[in-house]
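Contents: one structure, followed by commentary.
Going by the order they are written in, the chains are A, B, C and D; count residues from 1 in each one.
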């Protein structure tokens, strides 16, 4: 009997009201290994999609890469990993993503994940419902989400993997600000952009920079009092810097959070990070800085660098899932 | 009752032997409209994926675009089109695609499509099995395939739509040759490239140019006598031009084929072409040239240009499917 | 009698010792208008070249643009400006430029300009040796230099023009730091880069980012105690940010200096700034921020934006020189 | 006594009438070595500038490269070459260059060079007025010009050097045609482009492609009967290919001309070609093809490839001038 993926329509109470009026019913993928028989219990891993992604997109087919089901099937069949349940949450928002945190500018996605989705999964599937057999992993904004949720909920997760995760915001996010300044003009101003960005064609260059800036601002510096629901760390006309707003962003920068979450970080069975040496968003420097600081704090971790960029790197899950599995099999 | 997509594993006799040893069992998508009840018959449209694509990839989810099922559901629900069966064939090859033609360097994909897949669909689904209710459409290399197969099989297809289809090869394919010349060196020669291209990371710049050149050469200028199975229209060391090989490619250029297939072209209920004015492969000039020649030959057609590039343009199916449907409802 | 340009070999005492061991004899251009007869006195303008430039390069010929002599000849011949003496100083350094300031990491270029070159010019040419008839202007790093030297020496200059000048360092300089991080690796480390950058071929992409970062660091954060003579505001391995070093850079950012030099700024006959709306270094935001702050401080200025980028914009001197001339003719 | 460069205003009879109404008085540079005393005679080399260049631009200063005078001074001072006279002709046209040939669409630049400039130089300077001591060299379109004029006038030149010269037109020129098609629209049509191209800002991307296409068309496929004075090898609206016009271009492609000029090619003391392995216009393939054909024809030549692109490669003159000098010293 082969593995299967169930696509469930998961209904959230928490998301019933959310600032962006995004749907509260979420298509969520649940991978059940071939060995899943409704009796035996398995460890569970939550895989978080990156910005502009939903979990179910990891099921998309492509020409040269396995999708997540094919990947898991192979890893399990070759005994590289033990059979696992894998959950693919949907925390997408109107502007591309929630960063998996609670925000007045988007919704309570952390609460949704921790208080609703995980209990639901544990209730409806044969997981081993313990932190020591529950992992969280992700790539890019999903790597950020995995790390942040791991740090904030060590009672929930025992293993964390962050692939090319957002961090060192000065290096990864600021690069989008000049093209945002330049691009917003072309789209006729921010208001116009927010109204029309879905129809913009082709979605090139500036478009991504503006959307990213908007999406992150809704998460890190929401301001429901304003027209758009968020503050920007710079003036859209003059580019003048607003350090107070930027400080709100940096309050979420993993490289700044180690002292605050040192106990959690120390508690993991596995704390794994990796990044490509040619990451288009310079996230390798974030990973290096984060790990240099872990080291200074005496917190154990595993880190790899690989010769690649930021995109099409789902093959890195082979490494992190194996690290999880090894820890759990031990 | 909602629409559904069946993913069938279609077994081919014709593809059992093929030069590239690609699989002969093909995952094929079949969209059945909500109204499909196993009794009533519906027109059928074959949608051909572009280079590096398989039909089922049209079912992939994305952040901002409908997949083909969502698109068809909406078009039918709003009565923009009548209920249709839509088939998503898989004619992918090891090097990215078959161009939907028979070739010694790939396999007999035209025969597979016409002699095996279509009869199978007509036998197993409630199609209206007549050319007057059978259309073929595609984008990019799929648009090329739709046009070529339409021209070669007017007995099979009554309606043809070509979105941003490969044509005017001098403008669309030649641009890949200099980066192929430059890139092959970096990958350590053609032989090395052919062995390692699937693992190359990241798949950027030259990589696409080389793979495209290789893929098209396997279709247009196969040579099973050679080490690689194909000839190139230029010398890989000096770039010297080989007009004889290029003539084999051009024998497939739609802009050259109008006289040969004039009767077929004249016979269609719908002959629709469109292309973006910012097509990254300059295909708008191909469409203009093709249609200028149709006009000189007195062959009717519909053509649109739209303000976009080559990618993420599946919304163009709204126009072509509606043209098909209008013709069939009339 | 036509205008003429004298190229003088100006010998500096101040530059005899300088950290980078750059030459102390400097080829300096002096434009003398057709009306110059050795008797009549003329206002004088100092034109400062940008980063990687020397004053005499403004005499270079090009296909589509006037050089500075042709430009001045035309402006004077059409009476757009009065006859002027124009001086083209050389403050180039081994790493691309001095920013026209004193620095332990380069040399005392401010002192050279103010204490040696200007007195020399006044002594050897028929200038009107008064601040009310002495202007300073430049483009890019030369625009920065003009503004900084104007602010620091209002006793010397009565008119200042800054074209696309370096300012708002957060927006204009930081963009070079990620490619510097990435690029230094490719060149085999900073030490290797500093040894070989002149021979690097082609001088593309990263190369410019690294050289700029190095050049500015020698000016803004010199450190003669270190191997290279300068500190960087980030760690070359991890990218960790060094706010203390960055604060030394920002101490030179014109947008931060208005309070300190408010009196000087208020004293100018002409304070002119402009920038292209498509400046590749985002300097239009610097100009907007600087001028917004001038306005809040009640300091008069003239500002223009023009539809162009950062390069090949010497035609902007037509505007600034005319502003100078108008003020002086009044 | 140092070397000197005389800038002469050379008046041409031949250019008095020319289709583009370009000036018939040409600023021409003449380098006279330090040893030049008005008595002793020296070999002479004609250096031809590339497209959009004039000979005197080789005297421009730059941050990291020698200009031609500095280069020659060094080569002579170090005895790498013997003292030479070097002439820097101006064959620029309104649209960027004459390719140094006679054309109804530009003017009789070949005749100007051979019949007027060279006799003038021989009459006014102490050259050794013999083919065995007269060389011609150039880069890019100047390399093309050197090769073409060498082939057509072996009675005039004994030594030829072609650096990164235009050849294999299918690879080097065609790449400009798609951006020309796309770009002309943006500029409001060809007529508008021809009127306004000098003022276009910034001169980026398409601009260069269009101007190159126009410039070469005025040389290779002039047509004084048409509005613009030239024919294009493609239709500006549909991109349809015009093989007859292209054949006129190819009639000037050096790789096609070897049989026609075999005797001339065989007659040179030195026939030197080189090109960078990363040439942005793919000219390395032209050089390889040209030399492969020379070899098949049994014609001796020297060829080098170097690890660089197309720009800032004047250091390659060190090699060709030394080859000339060695041959002449022998």
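Note that a contact is a pair of C-beta atoms (placed from the backbone, for glycine too) under 8 Å apart; a residue touches a chain by one contact, two chains touch by 3 or more.
Since the model is a prediction, treat every value here as computed from it, not as a measurement.
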For chain B and chain C, the touch-path distance in steps comes out at 2
Which chain maximises the distance between its CA centroid and that of chain B? C
Centroid spacing, where centroids are CA-atom means, of chain C and chain D in whole angstrom: 36
Which integer distance in Å separates the CA centroid of chain A from that of chain C? 45
Hey, what residues on chain D touch two or more of the other chains? 278
Which chains touch which? A-B, A-C, B-D, C-D
Could you please specify the touching residues of chain D with respect to chain C in the complex? 52-54, 56-57, 59-64, 92, 96, 198, 201-204, 278, 307-309, 311-313
Along chain D, where are the residues that touch chain B in the complex? 168, 170-171, 174-175, 177-178, 181-182, 235, 237-241, 278, 282, 285-286, 288-289, 292
